[in-house]
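Here's the structure, in structure tokens; my notes come after.
Chain nomenclature is as follows: A, B, C and D, assigned in order of appearance, with residue numbering initiated at 1 for each chain independently.
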Amino acid sequence: MVIGGGQILPEVNFTLPAMIASEETLPEAQKIYREMINGVLRRAKELHAKEIIIELETLPQYTENPEWGISIHKIVRDTMFEFEANHGLKSVMRLTPNDLREMNRPPVMRSGKYWDAMARIFEQGARDGADFLSIESTGGKEINDEAIVNADLRTAIFALGCLGARDMAWLWRNLTEIITGAGAFPAGDSSCGFANTAMVLAEQGFIPKVYAAVMRVISVPRALVAIENGAVGPGKDCAYENVFLKAITGTPISLEGKTAACAHFSPVGNIAAAVADCWSNESVQQVKLLSGFAPVVSTEQLIYDCRLMNIAAEKGQALTMRDWLVESDCYLDPQAYVLRPDVVFEISNEIVKSQSPFVRTLSAARLTLDILARAVEKGELTLGRREKTWVDTLRGQIEEIPQDEEVFIAEMKKELNTRKYSPAEYGI
Amino acid sequence: MSIEAISAAVEEGQAKIVKNLVNAAIEDGIPVTDILNGGLINAMGVVGEKFRQNEIFVPEMLIAARAMSAGLGILEPLLTSSGVLPTGTVVIGTVKGDLHNIGKNLVAMMLKGTGATVYDLGIDVPDQRFVEKAEAIAADIVCISALLTTTMPAMGDVIPEFEKAGVREKYHIMVGGAPVTRAFARAIGADGYAPNASEAATTAKEYLLSSKSKNRKSGA
Amino acid sequence: MVIGGGQILPEVNFTLPAMIASEETLPEAQKIYREMINGVLRRAKELHAKEIIIELETLPQYTENPEWGISIHKIVRDTMFEFEANHGLKSVMRLTPNDLREMNRPPVMRSGKYWDAMARIFEQGARDGADFLSIESTGGKEINDEAIVNADLRTAIFALGCLGARDMAWLWRNLTEIITGAGAFPAGDSSCGFANTAMVLAEQGFIPKVYAAVMRVISVPRALVAIENGAVGPGKDCAYENVFLKAITGTPISLEGKTAACAHFSPVGNIAAAVADCWSNESVQQVKLLSGFAPVVSTEQLIYDCRLMNIAAEKGQALTMRDWLVESDCYLDPQAYVLRPDVVFEISNEIVKSQSPFVRTLSAARLTLDILARAVEKGELTLGRREKTWVDTLRGQIEEIPQDEEVFIAEMKKELNTRKYSPAEYGI
Amino acid sequence: MSIEAISAAVEEGQAKIVKNLVNAAIEDGIPVTDILNGGLINAMGVVGEKFRQNEIFVPEMLIAARAMSAGLGILEPLLTSSGVLPTGTVVIGTVKGDLHNIGKNLVAMMLKGTGATVYDLGIDVPDQRFVEKAEAIAADIVCISALLTTTMPAMGDVIPEFEKAGVREKYHIMVGGAPVTRAFARAIGADGYAPNASEAATTAKEYLLSSKSKNRKSGA
């Protein structure tokens, strides 16, 4: 299977219905996972799909008790192997264990039982046939959670550009060693708990969309650290920062949009597909809809989406399709606007001017706000009144951030409560 | 006149000004309950309504909430000494196994804005803690939050703890969070459900108002 | 709102979760319908949709007790009126009561309490603001149900071409009178209980896909009778025969495909959109997915689908998009192949050569089988071995059908058990 | 030799040939149970397996089923007079309010293919009818079908009717149909569930085989 070769492939993720994930329910859960993977593969085969990617995101309980998660993964992966042998449908597995390190408060990032459990499932999963391993890592999230509802860009830049970037370096160095040592590919990370939380809160009208748009862009420098430390892609589906990663590094990427509406509503339903190599449903539970189980529904939808995009590519018109996907969303929401290919290149050029994740983060934030202000002026982007005032508010926040990272860190260490995070865990 | 100024300062999120105005109002001999209800709580009502009408965002509401808190900090000793009770007392927490706090924090903040006293147990709260805290502070309402479909079912374990302790009837138990539905809330025997943070606050407030007249709590 | 003006509009349909529909649960049902329509309209507004179509298909119990159905419709329609007044989102209502006449066994088609109940809800629904009224009528279904699992084309042609066509003439003459009298548009019918049942059974591997493809085409002459008797469109979403109706009569049409996977799996997920004027999710229950309620999920997906197709049209490239949608599916399944524009025109030309629904039905079946055989020969369509033999089997079945309708009817009246159907109800 | 020929004729759906061969086998003195099991039921087993393997469609299976029925029609009087019992007895029907019969008919057909005696109550069956018929014919299994999400819940009313009549334990009650899930089946207290028609037949057959050895039915 070639990922990133100009064809777009479906990536299906499924999860349990509402139930307690415990030792008692493990046999039931295993049964459900077996039903889910069989349903998905059967439908993919019926729809003449040639290749499919399965993502298994473990539940926190299944990472915390890694043997449970390993047993679930093995069932799913073995079913995929068998199905390929019997029916010729190629499939690859992306295994995404949870980042449990935040379960200590303040989080313990570089040791302890949670990290040990994670390391165990990463290694054994890779040995059991997982092809790609991913994570949604949480370094800095412990202070970003409060920043996000305050639309506090200063703290967010500290969380992503200082703490997150440092954690990514440590984490991906270690993950790459574990994963490649077990014969699999370290795929990528996602700023899900940062930028996607912002996106979801913005969709609910809780925080400004311009804030969520800036959050998206300032998660890029953090994401680059994973690649610098061994991640090779395909980038994880919910990481919209992938678009920038692809522009900067050429790594293949997965993305999700309208067909992931089962998992979260989105202002970037089409534009997300514009440069994707894999097209995902993010996650769907095994609940029954009128047609059948929801994971099978997602599978069908993704396959048809991919068929259409692949036909355009076959006709040599991939760029036409890309432009339509972009135009369909980019004028309607700042979060879509920042994913326009021209904007992505402009911001990416700015980011690569520095080697420092902090400087990259700060200048990406500043440029993003400039670009949004310019887009509004040019009439290319319509923002509500209350959104517009936030462009200036956020610019004001940036002006107060020192250009020197050490000065900034010193300031933030004074401002922030160390009951919430441990500077030492980030080496600061 | 100065009560309106307090309201305006809370709405604008001017914590310092609120403090000064509250101190001035007390010196002027304005009754503390008037300052509380007419100044602080009233302003947060306006702010909450603006939020519901999509006129402001949460960050703006939080600034106002902090301004209100600043004023409340000055009033509280006076309220206690004069025997004025809060509009109600609420225990809130995220269910065991669940680490999510953003939604729960919003509900807590909005509840405070209605004048209720809110005790936040944090995240990953053991079932029994809800009972202990509710009993310890003679709460009116217990709010339980969950974000994951695999932690939501654990909410069903909390209510039996109240039953076992023989105190189920003393509390109005509300549940909420992304995966929670009205049907689920009913199924586990919760008294209340809200699909989002502002409705949670509204529903809780309505309950507190209606129950006040019934002089419901023998132990409080 | 202009339907059929070159833009494609989202059409959203939603229904109750698993619950008993009775007088006791009516207040609960009303509450759920209110929640559903509010959720759908709110999301449509958030996604900057300018116009949306809502379809309300009543549950059988709500047609049988028309006052219940009328109350539900009024709640939904009034909410739409209010939302348009308050938020400027244009919306129109398609109300689709059930065809209850089959509840008598054998069915009573032209009188009786079931027809009276239907007439009542059609009229009051139109008075209460329904814009378009549709039905999935069932004349002939009582004998087709058994024919379908036997892949018995002879009986199917009798059911659709003789019984169905006769019933459509009576039914749509009457519906048109009721609906236009109440100030609304008689929109269209669907051979859902015939061709879609065949499609679903074929997807399950129960009956041959070539049989389902023929069923689709032979439902066209029956469908034309509705238009000859007053139906003006937009044709109903699940009526894939709409593609032929549009080719023959130019009537605007609704269709459903991949984004209706929540309601049924489909071999025509993309091609169904090729010439659609409205794009539908068919039906989805108010069940909670990870993002929110499923009707809102469908709304988002439809809106993004429509955005993409409308951008292509805006750029003057509607035909390019159409061709991609067609090519994406047409080589993989006979049911998709018969929806290719060139095939649709070829068959439509054959159909209009005669005025007799029976002759049209018979010759459409014959030509469809010829076209499928030709497509296989040309290598344009891949059929499994067991599918291929059915092309010949079905051709053999057709050879045994007399060309003269009266002769055929006489034969079938002898063959069929009149405990199943009443010839007199069809005027034969 | 002739039993194999019967099997082959059933598989090919040659009703007339099956009749002739069955008559010939009886004349040859081959035991009727051998003709039944080795000829008819065995052949339908092969046909059912071909269907599960996607080698044939339902129409082809129905032709074989009709051929089997033709043979069975000849055997039945002989089987009755010699005291041979069918492999089991099944009552099947679509739940009240639901007019769908295609899926239910397929299950009935496949059950017949396993040698069971099947009583089809048709569509829109009142709850009480299931009990009456099951009691009247001393059934082993009761199968209830529903296609609509708004008729599925009515399945939950059928089992209490068996309980009220005090005969719940006598029957293995199975439910199925598009909206039915294993969880729903469990929730209403059904004994069995199958996601599709062929699994329904397989599951029922397995139950009948396993229960035979237990001599379970005192009243039969």
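Definition applied: a contact is a pair of C-beta atoms (placed from the backbone, for glycine too) under 8 Å apart; a residue touches a chain by one contact, two chains touch by 3 or more.
Remember, predicted model here, so these are calculated numbers, not experimental data.
The fewest steps needed to get from chain B to chain D, moving only between touching chains, is 2. Relative to chain A, the chain whose mean Cα position lies farthest away is D.
Of the two interfaces, A-D and C-D, the higher number of touching C-beta pairs belongs to C-D. With centres defined as mean CA coordinates, chain C is found 39 Å away from chain A. Chain B and chain C have Cα centroids separated by 51 Å. Separation between the centroids of chain C and chain D, computed from CA atoms only, is 34 Å. Chain contacts: chain A has residues 15, 17, 285, 290 touching two or more partner chains.
With touch defined as above, residues shared between interfaces to two or more other chains in chain D number as follows: 149, 179.
Taken chain by chain, the contacts fit none of the simple shapes, being neither an open path, a ring, a star, nor a full set of pairwise contacts.
Looking at which chains touch one another, you get A-B, A-C, A-D, B-C, C-D.
Residue ranges of chain D in contact with chain C, taken from their complex: 54-59, 62, 97, 99, 101-102, 105-106, 124, 148-150, 152-154, 179, 184, 196. Partner chain B is touched in their complex by these residues of chain A: 15-21, 59-61, 102-103, 145-146, 148-152, 197, 201, 204-208, 285, 386, 390. Contact residues of chain C toward chain A in the complex are 15, 43, 46-48, 203, 257-259, 261-267, 269-270, 282-285, 287, 289-292, 294, 296-297, 300-301, 303-305, 307-308, 310-312, 315, 317, 320, 324-325, 327-329, 332. Within the complex formed with chain B, the chain C residues making contact are 17, 288, 290. Those residues of chain B that touch chain C in the shared complex are 149, 178-179, 181, 183.
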